[in-house]
Amino acid sequence: VSVHLEPDWERRRRIGITEAVYCFGKEPRQIDHVVGQSFASAERLMLTRLSRAKYAALAKETRTLLTYVESARMAFLGELPELEGDDRVAVVTAGTSDGAVARETELTLHFHGVGCQTFGDLGVAGLHRLLGRIGIIKKFPVVIAVAGMEGALFSVLGGLVGSSIIAVPTSTGYGVARGGRLALESALASCAPGLVVVNIDNGYGAACAALRVLRATTPAE
Amino acid sequence: VSVHLEPDWERRRRIGITEAVYCFGKEPRQIDHVVGQSFASAERLMLTRLSRAKYAALAKETRTLLTYVESARMAFLGELPELEGDDRVAVVTAGTSDGAVARETELTLHFHGVGCQTFGDLGVAGLHRLLGRIGIIKKFPVVIAVAGMEGALFSVLGGLVGSSIIAVPTSTGYGVARGGRLALESALASCAPGLVVVNIDNGYGAACAALRVLRATTPAE
Amino acid sequence: VSVHLEPDWERRRRIGITEAVYCFGKEPRQIDHVVGQSFASAERLMLTRLSRAKYAALAKETRTLLTYVESARMAFLGELPELEGDDRVAVVTAGTSDGAVARETELTLHFHGVGCQTFGDLGVAGLHRLLGRIGIIKKFPVVIAVAGMEGALFSVLGGLVGSSIIAVPTSTGYGVARGGRLALESALASCAPGLVVVNIDNGYGAACAALRVLRATTPAE
Amino acid sequence: VSVHLEPDWERRRRIGITEAVYCFGKEPRQIDHVVGQSFASAERLMLTRLSRAKYAALAKETRTLLTYVESARMAFLGELPELEGDDRVAVVTAGTSDGAVARETELTLHFHGVGCQTFGDLGVAGLHRLLGRIGIIKKFPVVIAVAGMEGALFSVLGGLVGSSIIAVPTSTGYGVARGGRLALESALASCAPGLVVVNIDNGYGAACAALRVLRATTPAE
Amino acid sequence: VSVHLEPDWERRRRIGITEAVYCFGKEPRQIDHVVGQSFASAERLMLTRLSRAKYAALAKETRTLLTYVESARMAFLGELPELEGDDRVAVVTAGTSDGAVARETELTLHFHGVGCQTFGDLGVAGLHRLLGRIGIIKKFPVVIAVAGMEGALFSVLGGLVGSSIIAVPTSTGYGVARGGRLALESALASCAPGLVVVNIDNGYGAACAALRVLRATTPAE
Amino acid sequence: VSVHLEPDWERRRRIGITEAVYCFGKEPRQIDHVVGQSFASAERLMLTRLSRAKYAALAKETRTLLTYVESARMAFLGELPELEGDDRVAVVTAGTSDGAVARETELTLHFHGVGCQTFGDLGVAGLHRLLGRIGIIKKFPVVIAVAGMEGALFSVLGGLVGSSIIAVPTSTGYGVARGGRLALESALASCAPGLVVVNIDNGYGAACAALRVLRATTPAE
Amino acid sequence: VSVHLEPDWERRRRIGITEAVYCFGKEPRQIDHVVGQSFASAERLMLTRLSRAKYAALAKETRTLLTYVESARMAFLGELPELEGDDRVAVVTAGTSDGAVARETELTLHFHGVGCQTFGDLGVAGLHRLLGRIGIIKKFPVVIAVAGMEGALFSVLGGLVGSSIIAVPTSTGYGVARGGRLALESALASCAPGLVVVNIDNGYGAACAALRVLRATTPAE
Amino acid sequence: VSVHLEPDWERRRRIGITEAVYCFGKEPRQIDHVVGQSFASAERLMLTRLSRAKYAALAKETRTLLTYVESARMAFLGELPELEGDDRVAVVTAGTSDGAVARETELTLHFHGVGCQTFGDLGVAGLHRLLGRIGIIKKFPVVIAVAGMEGALFSVLGGLVGSSIIAVPTSTGYGVARGGRLALESALASCAPGLVVVNIDNGYGAACAALRVLRATTPAE
């Protein structure tokens, strides 16, 4: 049996988003292999869901090539670019537990040259905190909202802000929170019109969606 | 085969709540029977989830004994009592579709002598509406919140009001709203502490819970 | 008991999207009421999920005020505006059964002055059909993809087009399709990065999301 | 990227319940940070779901500030107050496995100055045990019932006691018990009227709900 | 295409239970066919879940051969036998809505020559009713318990009675009752040891299980 | 807070089944306590789901009092009695993985004086194995069938054997087997009439059900 | 808005299976349109899930072009071809209720020139019926098994027959049968190796899968 | 209690597939036993889902008898045979994480003398990769497709290839991917006709299904 594998190097040129490797469930040697291939081809690369333990299990050569950011569980092959112009994305989180997901979003944006500002701990149980910041938040063309548990933040934001809002449900919570499905469904069934949603804990996907929105007036050829 | 049936006439004396018959799924002749029994025993009785069509299918004698309120899908055997003192319950609803459930709550309270005020259409997608009323609402010792879809109203209320808050999720919505389960779970997993919840569309149960709360300083012997 | 209801007339000024009334589950007299209020306030209004039968059950005066479009299950109070500039949204559907949802999307866009082009019957089981059109589709800044069953269309589009892609899962299908949840989850878990998703059959929501994207470079004050 | 976090210090003044930090899923340094902030602001604080292992991983300074209670998986910043007047809450548990949840309830009440009595091992499979105590239990204005598995305790209590009853389903059980969802649903669908329910294993939430009930005759301003 | 069908006439001789035809979902002409075959072969036959409307749609000859009992949604081909000895089964139901299922159980037992007594309306919300009868019920070697909603009756019975207890969950209830699955799971996860369970609304199956128990000391050859 | 706990010592006298302690999720010191209490009261006791590791963590005194059987994950306080008369229960298992559950069944029966014979590895994928034994199996008044995965064994047995059949679904399997729920549902929806079912992996419960059946002709007073 | 639709006429030439239109959920005028297009292009066409009522609602011209087979809920445009060689597929069904699905399979095969033989009523509750036919069934290169409820037929067949076995779960059953999902999962988790499965009630899909198998030695270019 | 176990040695002769032992959940000594039995009977044997750790825990004698392949989590007793003729199966995988499942498929085929070729990393997010290989893939009589997440690969393949296609959903993914159930359902509900499916991660089962297909023109006696 001979097996042939090829990363999708064309992705960036086709849709403007750099190839990323989802590391959860992959073995270290598989990751070593794709990083090596990438380096040899002079391609940039992001690695997501890379735990500290798995990072430590990579080959020494691989680790030399990568920049690892533990708080986001991410690594990069290639430089973080200069940010282009003003920060165009606001990242709003409901609680401290949603931090790792927010970090993944911020870094994915940065890797593509887009700056953002993060507004933390704005869960609606203390509504005054969100209301105090809403004037700033609504000036961003894209708002990424990160929340777990019942996800009420999504609806309140959606009713106050006219920008493009991308909801990222997180797996924070227990019991009926069902690993993030409750927050996911709250965003989908929100009474506020025009919210859009990505998969649970998918900070990377939300950043990619923001990139698509920001490019929406100048689409790929 | 001989079958013996007996309504729980002792319920009112035991826990202070009048027997109610849940009519969905029961046949008209079964309802006729229990109403007749009740009347003969000089007991009061509430009937819930009694559709217009099923009410019309009851025996003429039964209908003569009952007062039917279509907007709440309820009927009563016995008089509605004078209300005792000030209104002590606020009923807050998110949207128009939640009306029948709110009606059921109001009438169950009234049947037990407790007055309430209803504040409708306060869904959080238009947050200014709720904020404009919150000063009045928070003065009630018990607040019953009625909402479907993603149920974000529960969390916002819970963060602003210190009273006893009883969430009634409703089956309003579609797709991931799953017939009210989403709103139910949102209330249970709310980031606002101390919310309590009853079954989907259970306006009757919420009123009974309010009766228990109001009696909490003078418990049954 | 006195109940006060108020539509969210401020919504359009706050977030740029006109108030819409979801009619499924509402009684005709409730719809009559809100249309009358709207007309009296000189506000525009959209009505969604309004079946032919329920439309016919509205008061005659109400029907005189509305324009009803059966294929989209929608009605309007107020004129459809002139479209602004070029068509900026592509609506791509997988099959004929997804038509009513696509109609709802098209009309919601039109009501807000945005034109679109629809590309139907492009399900991936006959991939040549999609590949034949992809050159045109990718030039639109926003692509709304409408598909039921297993929703494979979302992933294929996401890999070929760099625009903002909004997935609308539909309830088309049977058995494991679970009323649209399968297509919903396929969009959320797609291997193509940056797809975003709205609730099942929510053509109205997808259009609102597109409006938010198109406004993303000129956000609300 | 700069991230700003702020605990909801206003919560106690707004709704009469002290801020609590849910520690499951948070990293030790995050907990250290909030405890330090709290101490600096002279605010009281509760920490829930804090395992022995995570407590041990906190900074030494943090541990010096806290009182840790392993059987309840809780810690406190600030003194436990004198209890006000008579015990006003009965905590009833079905079995030994529900103990940690009951402990969390008791301590949360105590932290807010409310005393309680606990009645353990009263599962309905040995009904005589519950019947032997019911005379005492029904004299409490609030009863918190803690049960897992099929949760039959909730219904039996609800039929015998007229007080305010708050059901806390626990994750005790296996197979169809589904991590506490069965007990949760049993409480919600109970044939006994007016039961209310909190999330699975949420002893903290049940205590907060009891605080709201006890305050119901003297609501917050 | 030629299709060959054959009822399992040998079933009675093999396991002591007469063949029954589940009529829900079958077309009238299919039922006519099997009744005709049965009659020609001089076999007895039971028909379950046969609605009044479907019975009326059977061929006139078929109806002549059958005895139809609407309250149990059943029909019989062949005589009901004399009952053998004392009544050996108690049927205990929680509420009026569970009646049709109880009827199906009673008639299936009767058709096999076994007598039973039914005790209705013994739901645990009014526990005194059940306790008042328990002395009689526990003398039956087999107890069939029929209950919907949260099914708390099963656990209470299981703790008080040492006989063989067969739980029949019913689809009575709404919201989280999930069409009977809640009652089903409550019986399975009961804290009372040794309860056994049949499918939702399966009164026929419970009767068959009772027949197997009663025959347990004299098994089939 | 003072907590009072009492095992249900009356259970054996009330329903003929000895008290058992489900050890999963209990802490060693809780188990030590109940064993000590039991010993002091001269009561017999069974402990189920007691892993080797947890057994080892019990106090030395406790372990001295108990007999531990690892293959069944059980321990006993008190002697195993002499078996009464012939073996009256057949235990039939589908595969090797179902062994621990079968062991739990066998020992529970033995502890109550009832003997059984076990027939292993009779899954229907190799049907000749079951057919070769069916002549012996059908002579037992009670058959306990233990199977995971798709649970087809239950239906085949049910069609061939007229005895009382108790199905024990096990958590053997993966993917759609859903931790035993598939086998559970297969038993409940079986086309063979009169099967009864206990919770997943509940070998103890199946033995208790068998005890109830065997006692069915001589019920408790 | 202009919408362009095109059936996948190339399907037959590409993968050897004729285009089929799934009619459930489509409006009569949509079906009229595609049949007309098909006829104009001289293409053959199958229509599945076409109820008698919807067939009757088609335009008269459409009905003139079609052959309708009510027992299979199918219609055809174009002649049924001569069958090629021996019957190569056995269709085995568990019960009478599975008939419509079996009919759909038979006709789809016939439309593609492949003959089959159907063996009905072979559910495993009466195992002798299946064993009596197994000698004939195992000689067919492809066996399509159709069963609902617990689907035990799939495993028994899979253990006795070495041919290619395609399981079609049906929605026959109630309660835990969950509309066919139980039978579906039973087939997937079967202890018999190498069974394959199609969607619930998908008789058409099973026939297509059989066509792929039969062509497996002479694949498409 | 005496327990008798017997592997199904007749399986190979009956249906042409060698007995395999699923090792997950089995204890090392149980595996030692069956390998010893097999060796003594001169039977070949496959062991699936055998982790490196469990392999290491087998008795030394057992390990001497086996060939272990870690990348496939499999072991073999007996020689791998010469492959018969041309490779007749194509194994197509969507991503690197699906590798272990593909390895299990390849080895199971090889153990039965059938060769295959594997095409990796062909997920549809980079569609050009699949399109570049499709000309070769479609020449194989059987194609086994291995994919997790949303499983869009199945539908695209199904529309392009006329061979027998067996879908193997894998547990790759997170959130709504639900451990492989999403990919499973995508394959079942695919818009491409005639796909068949095996259980999640069941590479062994897919290979067995391929063996049945390849033998379909020469069925077992």
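Letters A, B, C, D, E, F, G and H mark the chains as written, and numbering starts fresh at 1 in each.
Just so we're on the same page, contacts are C-beta pairs under 8 Å (C-beta built on N, C-alpha and C of every residue); 3 or more make two chains touch, one makes a residue touch a chain.
As the structure is a computational prediction, the values presented were derived from the model and not from experiment.
Participant: Listed by label, which chains are in contact with chain D and with chain F?
Facilitator: E
Participant: Among E-F, D-F or B-D, find the interface that matches F-H: by residue number, over half of the contact pairs should be common to both.
Facilitator: D-F
Participant: Using CA atom averages as chain centres, what separation in Å is found between chain B and chain G?
Facilitator: Chain centres of chain B and chain G, defined by C-alpha means, are spaced 49 Å apart.
Participant: Provide the C-alpha centroid distance between chain F and chain G, rounded to the nearest whole angstrom.
Facilitator: Chain centroid spacing, chain F to chain G, equals 43 Å.
Participant: Rounded to a whole Å, what is the gap between the Cα centroids of chain A and chain C?
Facilitator: 26
Participant: Would you please write down the residue numbers of chain G that are in contact with two or more other chains?
Facilitator: In chain G, the residues touching two or more other chains are 11, 123, 125-126, 158-160, 175-176, 184, 188-189, 193, 199.
Participant: Going by the contact rule set out above, which residues of chain E touch chain D in the complex?
Facilitator: 94-95, 123-127, 149-152, 154-156, 158-160, 173, 175-178, 182, 184-193
Participant: Can you list the chain B residues touching chain E in their complex?
Facilitator: For chain B paired with chain E, touching residues are 1-8, 10-11, 22, 24-26, 30, 34, 171, 179-181, 184, 199-202.
Participant: Would you mind writing out the residues of chain B in touch with chain C in their complex?
Facilitator: Going by the criterion above, the answer is residues 96-97, 99, 102, 106, 110, 116-121, 123, 125-126, 128-129, 172, 174-176.
Participant: Taking the touch rule as given, give the residues of chain D at its contact with chain B in the complex, in rising order.
Facilitator: 11, 14-17, 20, 138-142, 158-166, 184, 188-189, 193-199, 204-205, 207-209, 211-221
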